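Below: a set of structures, written as structure tokens.
Okay, so subunit A shows up in both of these, paired with subunit B first and subunit C after.
Then we have the complex of A and B:
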């Protein structure tokens, strides 16, 4: 008896595609088809070239947010961080190419420090992540204002080339987004640290009981998240020729939205960075699509909200239970 | 003879196909103390959960006071005069003792001594309870929380009183008081069902005894007609099942291969264990006598004093954490990552062994894990299946697979077969035996004495944190184990106050809800005086009016946010909600519109607010969105609706209305006075009414609140509606300030309101907070922004002060609350 049952333990599949990925991918394909039919201008070359760099930046910010959410937290310091990093890489060099590298290094140093502060506040002093990152966000704005006084500066040529030069007709910024998503996916799914990172997020108590250093993984999430925000900030500094001092504001809630759409649970655990990144493309193209249809901003926003609601409902609602409930009823009706 | 007050007939109940009760009947006569006996898992607690309406039986009838009740609920059971004290006390940690009593004890029982306060004091005094009724329950020890739960049950003078192992956490003095009370209440006519493991207690208290075994009824007897041995036979009953692997036969040369020398921790004292190579060590005893804590210490998870040696080498707590494999009894909470797959769970500790280069080799991992799962005969649909989809036995095997793959130096298993079916049990025993034979010491804690008899080479029986008996070889029998565990006279150390009265008082003040308002008032005053010393225009009536005006809008929204945070949720939608409501109002409340139209406009604002609250609450309670996700989607939708209604600012507000809203008395706006009144009113409602108690109860401990009969869905959805209504009031204030409909107004209030509430000392964990604190938090926020203007400081400082304020407030509240907690 047991021998037959042993064979039932099937081998692991070589490649796994998450439900979030499938959902978002289907959404993106459907959206592009709809765009082609109803609003062809939204998939014109000009429209796409204008949209994709911003989708890439949102994707990279979303990767960082994914890591924090995987640890059961939420990072509201995105706004202050991205704004600060954009200011550091544009204000610091002040259009002098030779000062760019030190500025970028300074931005990364600031990112690591910010991540450590966020992480320490959440894991060491046991603050709620919303409160901790809200406070740190204000501090980041303070630093940003101290540096720039709130008035923007033009980006340097070198940074502009770095992000806006094209290969195979696409801006480099788009490739950076893809590279970040691929690297993070590999780190999470294929390395010891990444695998344990997911385990800690899924159940910190169990992770502690098996002897994992839970605190380090949790602080690491906040630091790594800041590094991604910093990459996004640097790219944004190149993509926008004259960025504002509040460039990060528009990223906070969308970054949470793409993570949720990508299927990563706000309760923590397994993360789907590639799906988060693709969800960023979905949101930006959705925006573009609705914009091309000529509907007002209000409708665009409502459409985004509804797609978010559907996305979450797909994961949050126990559809199996709902199906069996209504399925059973359906059969009864048929029988009757 | 009158009809028995509680008759359970032919009750059956299964969980996921496993029968917990099969055709069990129980009749409790008037005024008798009826002991319910049986081993762990015999079905005693399940039967009592059926009797109290917590569980619905699959079949059988429940008759209370001669009335057959088909669908019993906890509430219905209470109204029929049935009171139950569970093993885990149903108390709400964030509420005071007084509030906990009020939730369970109807007013009519609180007047016997004149005033409720005096009656409560009497209720507690009767149990030798010295704590102040205003103290929070979280400051009580576990034993005191049990006493509180007992006191509540006795206070309603029930017709049937069910006590589920009431003495387990109590000290000797309290046990005597309890016995005395039980005897008295039975004499007055109350029937008592007394669940216990201890025969001595049965002898002392019971009139009759019913024994359950494996979910089946074994017999009922008058206590005078049955000897202890006969009771034991009824409890133990079954023959040794042949599911156990042969014991370690050969006497090992490697004596005392594993040694635990005189270790002590918080819940166990002076425990010494030894094992020879190849042996399995059993830890026995009635649940809750320090066994689990001992295991955690040996696993390196808890602190201990004393020494542990493996094969002659001393091993530290830190090394143990890394090298020992711990299999916790709470498999779902602590054993497995339930949302991850079988493979991911099994591999997590051994991952570094599977690497080739930088990466985990998928091939090595799948091969090794597959081999391990096969050798443990795991039955799973696939290695990629979620571990939550497996049966209890197979889940336990995944824990074992994970432990073994990590090549541990020691295996510690806490209740390894709890919730595991018989077939898988045998396999788990076999695995443990094989591991032991390989020379890895195995320690097993089990409340099932039969299991220890079959499995172990050496059994240590614990009682009240001490080893009371060591059994070896032929002596390891279920009867001897149970006898040692139940007949022990070891007493639990009475928990006494170890800190001085003054320290206690300071602690109480630090944890009080009133500390944040006091601190905030101080800060607001100091900041005001400081700015005044730099700029004497500061206390000018123009400035005071401006600060309070801005603070009023934020203040109302923050009061709403406070209500939601109190339930342990969060409402991100308040900002855009106030924006949308402002826009709605701006279509009606204009110059030249008639009074009825203007009134309709205001009414509509509040109707829309109720709808917003219902959507938020329903997404969270019914569609199971997390509060952040649910209110975030509503947040985005509301921004859209705002812009849809009014793409650009417009709709000038009626001048009479704005004038009325801006009216002031001296420098103080009327609206601010209303806000202050509302904050005080809600502070009182929160502390004095059922609504306030239900609100805090849901946030404090949802499970306990449910058991106490609180409608959680209604309470929480109501909180979101209240929050949206406060946002509506806030939008009316904003209406006066800006004088037109602008959809962009409002969004910033979301984060500002959370900040203000946090400054006010309300915990994001739920259960406690203060409306007055939120009001002061709002004022301080606006004051800090205003201060920078007066001190000629740049915006940099506005942000810096805000950030520092949040971080320091949050840290200091978090520290003072955890301070002194065990």
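Then we have the complex of A and C:
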């Protein structure tokens, strides 16, 4: 095999647009077309400006969840983590700008510690990730309550400007979401550490046999996930000027949904962070679409559920088998 | 205000770490005899319980502190036990059973989970505990399943908003109503009151009926309000039963150039301060609030203590909805804002704003 051929093989492995990305992109385009036809106000500037910062936060949380799911785990401490980080960056400064940076640093320190605890519980004690992260979630709520009594403070002006100021007509929070997705994609697909990370997720035993420090990559996934949750928490603290102590509650299921919609297998292995981020846009625009349709709340919930089911069915159902089964039946009928 | 946050995901994790969330605390109350003991405080010595379905927000914190203050007025209550159900129905039920096992003679319950709490209430009542659920209707019958339900008239709250809108928008207009979780009875009752007053077709109710669902969550409220602003170019009035939860949404909308309409809601320091900061530049922004009713729990405590200690029972069986602020008439009060205090202080409460602020830093 010539060098050129090897290079081509490598490039194709790294650069190809994933099936998840294609699907989500098609989904987003389809949704925006449907929005333009059936609920045009949902794509108006006001609606988009209201929706995009929340989509960015969900995208960033989704990036963290993608990393954990790539390692065959699942992180249910999202709710407690995001809630705690929002409380730290709002309760800590208590409307004083000069205390913001220490509070943000404290939030990141808390994120790293939480990630290490999650990672150690899963990799060292071999606890199931669902059980371990749920336990840590309770712990985080306990810490959050002890800190704030369930009562965060109003966002500082500095944090609010950091997230809500606009460049080229878009809030900065949206750019932060895009930057996070781009950086993670490059790290995963273009660096040695990223490739090894995916290899560990795909087959930890084989990775171990090749001499990779499997435990480190797995713990690293939980730590990196918490760092992303922390970024999302800081941004959310700025986007919502008067947050509650439970802002993270809304992220648990959507964070897993965006990963699955983005095409990352729940069994671990290859991850598609950009697709996860785009799936966050899909989910939030779907919310905005059904809100703008003006249908009753029950119908909204049904529309969202069906859309999610269809999205997930694209990956979960073995369509080839379905086609061949129905194809075979069709042939039998024709023969009869 | 019923603020219930379900965190079903947390249920399974209670395991060992739940202890860290400190479910039950014991508050020893002053036993020293004080002059001017209220009439609802009888001579019989008792211990008392207060169980909250969900205790984790500032409104609940103030409401719980109000009960503690009330209990301190009655030297016959030698001890008050408090338990936080943390939004979990099973814990809220076992909290009630725990109180009965401790031997309390009076029990005040905030039954967030509604009718699911009825069997536990009944078992406390049958065990001879003077049981008083309040605010959330748990079904059942007074005298059979519990001693008394101390409710609040949310229909009246809706009527007060309606009357104010009628007065301040005499030519009619589009009205958007916001409330908490889908189907919550508070929001439904408020809508009934609102519709009963604004019968003229010139008042048009826009958005989902009976109200737009916000879960009383600022993030959700922001999404809902931006969708409504995009859909309805003309919004003349907004009603909200948790004013502070829509401040983020209003701020974001103002930042994008939207003109704030008239708002009828419930009070909160952050809400009042938002008005003070914006009314000069927002010609259509008028505001009225009803009291957010932190002191509802006091009436329930008075009833439970009166029944258990042999005191004189209060005359009121339901806590009234009352006007608090009106930016137009200035009566009973102009819109209030204490910038030196946190946003989630409720200036309509009997407990002072400064005392509430201290509660949170303890």
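Assume the second predicted complex is superposed on the first by the 311 of 336 C-alpha atoms of A that agree within 3 Å, B and C clash if a C-alpha of one lies under 4 Å from a C-alpha of the other, contacts with A are read in each partner's own complex, and residues count from 1 in each chain.
Criterion: contacts are C-beta pairs under 8 Å (C-beta built on N, C-alpha and C of every residue); 3 or more make two chains touch, one makes a residue touch a chain.
The structure displayed is predicted, hence computed values, not measured ones.
S.K.: Will subunit C clash with subunit B on subunit A after the two structures are superposed, or do they fit?
M.R.: clash
S.K.: Report for A:154: first if it touches subunit B alone, second if subunit C alone, otherwise both or neither.
M.R.: second
S.K.: If you tally the residues of subunit A touched by each partner, is the higher count for subunit B or for subunit C?
M.R.: Touching more residues of subunit A than the other partner does is B.
S.K.: With the two structures laid over each other on chain A, which partner does A:46 touch: subunit B (first), subunit C (second), both, or neither?
M.R.: It touches subunit C, and subunit B stays clear.
S.K.: Should A:256 be classified as contacting the first partner (subunit B), the second (subunit C), both, or neither?
M.R.: first
S.K.: Applying the touch criterion given at the start, work out whether A:137 contacts subunit B, subunit C, both or neither, answering first, second, both or neither.
M.R.: Both partners.
S.K.: Name the contact category of A:306: first (subunit B only), second (subunit C only), both, or neither.
M.R.: A:306 sits against subunit B, while subunit C stays out of touch.
S.K.: Please pick the stretch of subunit C from 4-12, 58-66 or 292-300 that overlaps subunit B when the two structures are superposed.
M.R.: 4-12
S.K.: Same subunit A residues contacting subunit B and subunit C, which ones?
M.R.: Correct list for subunit A: 76, 131, 134-139, 141-143, 145-146, 149-150, 296-298.
S.K.: For the complex, which residues does subunit A have touching subunit B?
M.R.: Of all residues in subunit A, those touching subunit B are 2, 5-6, 8-14, 16, 74, 76, 121, 125-128, 130-132, 134-143, 145-146, 149-150, 186, 190-192, 195-196, 198-199, 202-203, 205-212, 253, 256-257, 260, 265-267, 269-270, 296-306, 308-309, 312-313, 316-318.
S.K.: What residues of subunit C sit close enough to touch subunit A in their complex?
M.R.: 5, 7, 9-10, 12-18, 20-22, 55-58, 60-61, 182, 207-209, 213, 217-220, 222-231, 244-245, 247-248, 251-253, 255-256, 258, 270, 342-344, 359-360, 362
S.K.: So in the complex, which bits of subunit B are touching subunit A?
M.R.: Touch list, subunit B to subunit A: 299-301, 321-322, 325-326, 328, 333-340, 343-345, 347-349, 351-352, 355, 358-360, 362, 366, 370, 373-374, 377-384, 402, 570, 619, 623-626, 628-630, 632-637, 639-645, 647, 743, 751, 754-755, 758, 764-765, 794-800, 802-807, 810-811, 814-815, 818.
S.K.: Sort out for me which residues of subunit A touch subunit C in the complex.
M.R.: Residues 39, 41-42, 44-47, 49-51, 54, 76, 79, 94, 131, 134-139, 141-143, 145-146, 148-151, 153-154, 164, 236, 239-247, 249-250, 252, 287-288, 291-292, 294-298.
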